[in-house]
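Given below, in the form of structure tokens, are the structures.
The following pair of complexes shares a single chain, chain A, combined with chain B in the former and chain C in the latter.
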Partner chain A sequence: MAVEQPLQPAAATPGDQTRIHNIGYRNYDGPRLGRSYATRSLYSQSLRGAYGLGRSVKSKVLPMLLFVVMCVPALIMVAVAVATKLKDLPVDYTRYAIIMQAVISLYVASQAPQSVSRDLRFKTVPLYFSRPIETADYVRAKYAALASAMFILTAAPLVVLYVGALLAKLDFADQTKGFGQGLVSVALLSLLFAGIGLVIASVTPRRGFGIAAVIAVMTISYGAVSTLQAIADAQGSSGAIPWIGLFSPVTLIDGVQSAFLGASSAFPGEVGPSNGQGVVYVLVLLGLIAACYGLLLRRYRKVGL
Partner chain B sequence: MVQLTIVDDVTVIATESLSKRFPRVTALDRLSVDVGPGVTGLVGANGAGKSTLIKILLGLSPASEGRAEVLGLDVATKGAAIRERVGYMPEHDCLPPDVSATEFVVHMARMSGLPPTAARERTADTLRHVGLYEERYRPIGGYSTGMKQRVKLAQALVHDPQLVFLDEPTNGLDPVGRDEMLGLIRRIHTDFGISVLVTSHLLGELERTCDHVVIIDGGKLLRSSSTTDFTQTTTTLAIEVTDSDAHPDGTRVVREALHARGVEVLDGTNGLPGAGHILLLTAQGEETYDLVRDVVADLGLGLVRMEQRRHHISEVFHSDADEQDMTKEAAVHGG
Partner chain C sequence: MYDPTVARLTYRALLGRRRALILGALPLLLIAISVVVRGLAGADDQTASDLLGGLALATMVPIIGVIAGTGAIGPEIDDGSVVYLLSKPLKRPTIIFTKLIVAIAVTMVFSALPTLIAGFILNGNGQQIAVAYTVAALVSSIAYAALFLLLGTVSRHAVVFGLVYALVWEALFGSLVPGARTLSVQQWSLAVAHKVAGGDLVTSDVGLTTATVLLIAVTVLATWYAGQKLRSLTLAGEE
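Here is the complex of A and B:
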């Protein structure tokens, strides 16, 4: 407490800077940028946090590692395509995220809890809500940040593939179209995964539980859906396969992109949804994203102060 | 039964029959109180409605009835504007352990709307003012309770608010930390020019820090008056003296001498062993201190201690309830 001086009521008028022994308190009369600036600040802080930036070295390891793991197969494919002068990339742009879904699930499972559970666990939330931002601003900033982080994770390998394809002098129009469709697909995937991850994580202040719950929801739903689809395929009732696909996040994205984004379905027997079923897929997808946002709003309205 | 005290011509907080009812509890019951600039203590037992009041004043929880203004802004409609000008230090832990104080406070400054450069400058200034130096670059997880309280205070002050709400800032601190925190709270007003509303369930520590004390109980206003009024009526002095060869039992001699001069002296022992040398007496103002000094000096004894005894809130509640009954009666008779 070297600075703490004995009280000197006579000299202690606000803004008094004439005392030599103590650099007095300075008032702040600069700009106060308000709600939208605060929301943007929270967005960028959360987005950086999703890759461990501005946090400890330890918390950078996992997100960075997963990012590398996401990109390495794309680099290898590109190298192969360039070296062996393939006529097409070994994997469609839209298919890449489906193949790498385990990595994506792991990423959302690790980063959704760090984004929201920490604020709940350490009770930092009241500090946010005693400031100009409102519940909805907080939810929007956190949702947008995690969705952006996931988009970076899933779009980066597509960029690698696209650049590689151009280097290998593959058909420009073809590749650009595929790349565009891939980007739309991973954008939807990012919104959906981020929403599901955040809803689950926001229920628990315990990070470990959040991680386990997100992984469980992602893998169990996918496992159950694929098993049921395989059974349906084996029993010859392939009409049921697209309907079953509605019930897990990954197959939902797969269905949407095989109906509208020119992807070949990863469902058994490549039985993608018809156009009519595709509409249902899109509605379910958008409904889920909206529901996640609504649930988050409701959750934080209760947390308050 | 509204007790308004005129403090200054400016009012920082004003509530008018403010009520907050939950399905099963009434947290605030027609509370009307005006708070002026300076350091104001808000005293009440746990569950008296202190936190509910702060929530309403921050515009985060609508009142069931009545109205309130903070810095001249209506809490029901101007919540965001109030929260931009007000700082809040919660009672509970609110700090993530894995970031440094600097990083955390910079982030909170930006959340209050400060541009990045200003946020960093203000953070460095504020942490220095609350007494955190080199340690501010280390993760908060390794801080002592006292240091954490300082970080909590810094995040409430970093955007240079006009008013801060401090919820039980001395909770969990040892006596030295408590005194430092109380000194710091005093400086928030005298040096920084920021008004303070500080809650506590200990009246004694607020008496030393606050210009004005508001006591609530069960959501009702029990008393609102300046601290000088308070201490005049409630100060108890504890004194302890040495023995000398001439007076082997100094305590008894002093008691008799004071008694002879018309000062009522209570026995401070309460039957507790080891406390036999403490005398309690009611101070009637400055002259009592002088009298004790002179009496002890005349007897040639040493004065080991003379201190104000802390009153527990319940004592004030008790005596105040009696007083209120009398006021009520007087009011009835007065018409």
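Here is the complex of A and C:
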């Protein structure tokens, strides 16, 4: 702008020069869908995103692959049970998730950062918060979405097992009870794993680093706990085994379900927690879930502002 | 072949800010567990061997290898800042080689050193166990770093694939399918460790010659191919 503006005396006729043109913008007068609608949308988009739906083909590969890997052993077990007319399923409903824990850990490690780290890295979090939703809504939607995705992942093989068991004409009441117990246990597992995964992932904007950190927490804690338990078992101090089990997510779930959900423990020597210890397990489990939720709320109170 | 500036930048990317603390947490945990085990069980060669083999070599070394190996190049490719590095008058293989050296050094410091310390805490290097597992950790650090650096240049999901290899292939398949053990960095390094320790506590399913040849082949091939891959790198957009 090289044109030199002639200096106007400030007092002379203000308002003559300034003018607001109406260039045809229109107000939005449709329905405002509000906070709960936005939260629900965020939930459903995050849940779809956890399986790569609505994203590129490349990002569908891993979650779908893990889902298939999760279900195939159940299909094989059912096929074997039907073909050989077994009296009982080869694996308890409650035990299945414990056996497949590597797959579950990989799933939460790959999808938790996908869900929150990218929002941090591309600085989209402030954009969310400029909409009607608030911190608590964002945290709730993300947490619920990942927990639901985990529940789908862990409950699907149980459904396969249950349907297969009914097809194989196993005892209906017995199987239904086991199935119900299995569902409660995987629901707790989903909440716990999703919470831990999200808390770790929400700290780092780097997706790769988040994945490694989540998997490290899951496997190293399990490795450490099971090594210590094996040593305690070998030393003959089996009273210590249940207490050690409190320190890793998988053994925590194992302890809860063997105390209250009729599962046989995967601890060395099958020393599950007693009822008193079981109460401690449940308290620690619920405390951890609440702590994860609280930490997420705290983390997002300040983020992006 | 070695460029100090690239090395310095890679060190900063790997260990800068709070990342060194997170990387350091794993070794500290290993040492803390060894102290607890020593206190609970006393010095026992079998226990020491189980702990070092099961926790240090099978879990800790691969995870640190994944973090260091993919972390040396992955994030740069991910956020596109690698173009500034590639536009400098440096040979691409030089960049890869430098990053490999850094990744190896980081993996060794954060996995082999704590293994040695944990071994000494556990049984005071009885039957050469501490030294044997340290050698295994050193050897596998090189192979893991090279493998995962290659993965970092090939795929955007390098961390996941690295972890799938380290945890599912080596741990799960290795325990179910004996043949899978022949193709496992962990077993190759155990073969070297077996040679060092000489006893029956450290064993491997692979012969020493096979293991050495495979280790060298994997390291060299992975590094070479990563260099080739970087020469024709295309930057993909964000999904």
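We adopt the following convention: the second predicted complex is superposed on the first by the 276 of 305 C-alpha atoms of A that agree within 3 Å, B and C clash if a C-alpha of one lies under 4 Å from a C-alpha of the other, contacts with A are read in each partner's own complex, and residues count from 1 in each chain.
Simple rule for what comes next: a contact is a pair of C-beta atoms (placed from the backbone, for glycine too) under 8 Å apart; a residue touches a chain by one contact, two chains touch by 3 or more.
None of these values were measured; they are calculated from a predicted model.
Asker: For A:A102, using the defined touch cut-off, is the partner it touches chain B, chain C, both, or neither? Pick first, second, both or neither.
Answerer: Touch partner of A:A102: chain C, not chain B.
Asker: Examine A:S130 and indicate which partner it touches, taking first as chain B and second as chain C; both and neither are also allowed.
Answerer: first
Asker: Residues of chain A touched: more by chain B or chain C?
Answerer: Larger number of chain A residues touched: B.
Asker: Does chain B (first) or chain C (second) touch A:I231, or do both, or does neither?
Answerer: second
Asker: Contacts for A:S56 in the overlay, against chain B (first) and chain C (second): which applies, first, second, both or neither?
Answerer: It touches chain B and chain C both.
Asker: For A:G294, decide between first (touching chain B), second (touching chain C), both and neither.
Answerer: After superposition on chain A, A:G294 lies in contact with neither partner.
Asker: Check the residue A:G239 against both partner chains and state whether it touches chain B (first), chain C (second), both, or neither.
Answerer: A:G239: touches no partner chain.
Asker: On the A-aligned overlay, A:G269 touches which partner chain: chain B = first, chain C = second, or both, or neither?
Answerer: Neither chain B nor chain C is touched by A:G269.
Asker: Can you give me the overlap between the chain B contact set and the chain C contact set on chain A?
Answerer: On chain A, the overlap between the chain B and chain C contacts is residues 55-56, 59, 122.
Asker: Which positions of chain A touch chain B when the two form their complex?
Answerer: Chain A reaches chain B through residues 1-4, 7, 9, 12-15, 23-28, 30-35, 37-38, 41-42, 45, 54-56, 59, 118-119, 122-124, 126-134, 304-305.
Asker: Using the touch rule from the top, collect the residues of chain A that touch chain C in their complex.
Answerer: Contacts found on chain A: 55-56, 58-59, 62, 102-103, 106, 109-110, 122, 206-209, 211-213, 215-216, 219-220, 223-224, 227-228, 230-232, 234-235, 237.
Asker: Enumerate the contact residues on chain B facing chain A in the complex.
Answerer: 55, 58, 60-61, 80, 83-84, 86-88, 90, 92-99, 103, 107-108, 110-115, 118, 122, 125, 128-129, 131, 133, 139, 155, 159-160, 180, 183-184, 186-187, 190-193
Asker: Name, in rising order, each residue of chain C that touches chain A in their complex.
Answerer: 19, 22, 26, 29, 33, 36-37, 40-41, 47, 50-51, 54-55, 58-60, 63, 66-67, 70-71, 74-75, 78, 156-160, 163-164, 167-168, 171-172, 238-239
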